[in-house]
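Letters are used for the chains, namely A, B, C and D, taken in the order the chains are written, and counting of residues starts over at 1 for each.
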């Protein structure tokens, strides 16, 4: 199996075993070595108390993309820290999270994830730090 | 109405209008001026692809406590940035988020939220920065 | 004066009035609308207690690039929050911080700054959130 | 040697080998197991381009307290990630950073550091994540 195919398989496995991603209706759009794209449709039930899409939903979508990208290398990667900045609020529609690897060390790797709305405008900027465990 | 009672009412309003908090089964335990406690029970559907409680669930619970505490002052507060560190993974049970105000300025306020498991052990440390809008 | 020239002038002004940047021997390499490159040479005096370049030095260099980029628009921008991840330690040499604007709103703007060593390898990833005040 | 005395010695060692802390005129006030207090006087040369104490100085002071607290356990701890929020600007005076351990795991530990002015008002809130290496 090629490296790229192994990444696709490892990333997809993590996504498919994720019940919370399923509960929120997420769809895995694409996965590669260190990258992932995840999408979902947000409506009334995904809003917060001020009427916009919940920070927890934006975070969760980005976090799933982060987990898929981070685990695509075939080494168990767990989130240590995330910084997320909310740049624009919306009320609904299709949102997408694109994750890319920024650095990859033996124990630590970092990922940038951008969540955008249908027009491609950024809603949230997510920066994740993962710890890579020795064995799967 | 006393200040404290006004905080309780403003915080509770934000919680009650939050459909995502309801979707995840969160319960508002306590609210005061700049503080909030929110609780939920996590089970199989709240796990991630590696079998522990989803980062998105821990974030969401903390984010709701942050929103309630931040809006308890009667001024619309929206999240600008959050840093979250995951310190321990669990598989299920009752989890609780306790939010407290660390600084309160005219435009910006900061909150620390700790998410703990049933034994009081910290699972996630959440630091939120809110922007306070001029009018509700 | 063209927009670009106005940005260069505004950004350079902030750099030239920064005594701490001078104390550390920083040099402004380039500035544009929402972008800046700042450089310095690090040696023994810039190390920490474990013998590598001090986190405070890497942060300071990135912070100056952030301030120059953020203020290049001619609106006073102050740092609200920064998340910095340290990905590689070095002992000395020339280091460079490159800042670019990621989002620009009326009150809030975000910047990514990467600090690299002489070979272009990332040492630190800096994500800054600035609050833009109404008048200069 | 008691545990507490071992912590004091390990923390002090890290501080004394830190040339950048010396360059900025920092003073180690106190150290214990997982805690540290560091102080410095800030004047004109420590300001930024808008006339207040430089973010890099506030970060550096907090970072030194973080390093002393983190290394007080006798295990080499290196900074992985820091989130810092700036809550108040000042022009000069004595500033103090107080670090305390929030969580301590085998590989990862977290520290909160608050930087205050002479009247005890918070200037910056610093949250640090350290990676603990296997051997010193």
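As a working rule, a contact is a pair of C-beta atoms (placed from the backbone, for glycine too) under 8 Å apart; a residue touches a chain by one contact, two chains touch by 3 or more.
These numbers come from a predicted model, not from an experiment.
Should one ask which of A-D and A-B has more C-beta pairs in contact, the pair is A-B.
Averaging C-alpha coordinates per chain and comparing to chain B, the farthest chain turns out to be C. Looking at which positions face the partner, chain B and chain C present mostly the same ones, since more than half of the interface numbers are shared. Chain B and chain D have CA centres that are 28 Å apart. Averaged C-alpha coordinates put the centre of chain A at 33 Å from the centre of chain D. For this pair, chain A with chain B, the centres built from the Cα atoms lie 21 Å apart. Multi-chain contact residues of chain A (touching two or more other chains) are listed as 80-81, 83, 85, 108, 129.
Chain contact summary for the complex, chain B toward chain D: residues 81, 83, 85, 87-88, 102-103, 105, 108, 110, 122, 125, 127, 129.
Contact residues of chain A toward chain D in the complex are 80-81, 83, 107-108, 129, 131.
By the touch criterion stated above, chain B contacts chain A in their complex at residues 13-21, 23-24, 44-51, 54-57, 59-61, 63-64, 67-68, 71, 76, 78-86, 89.
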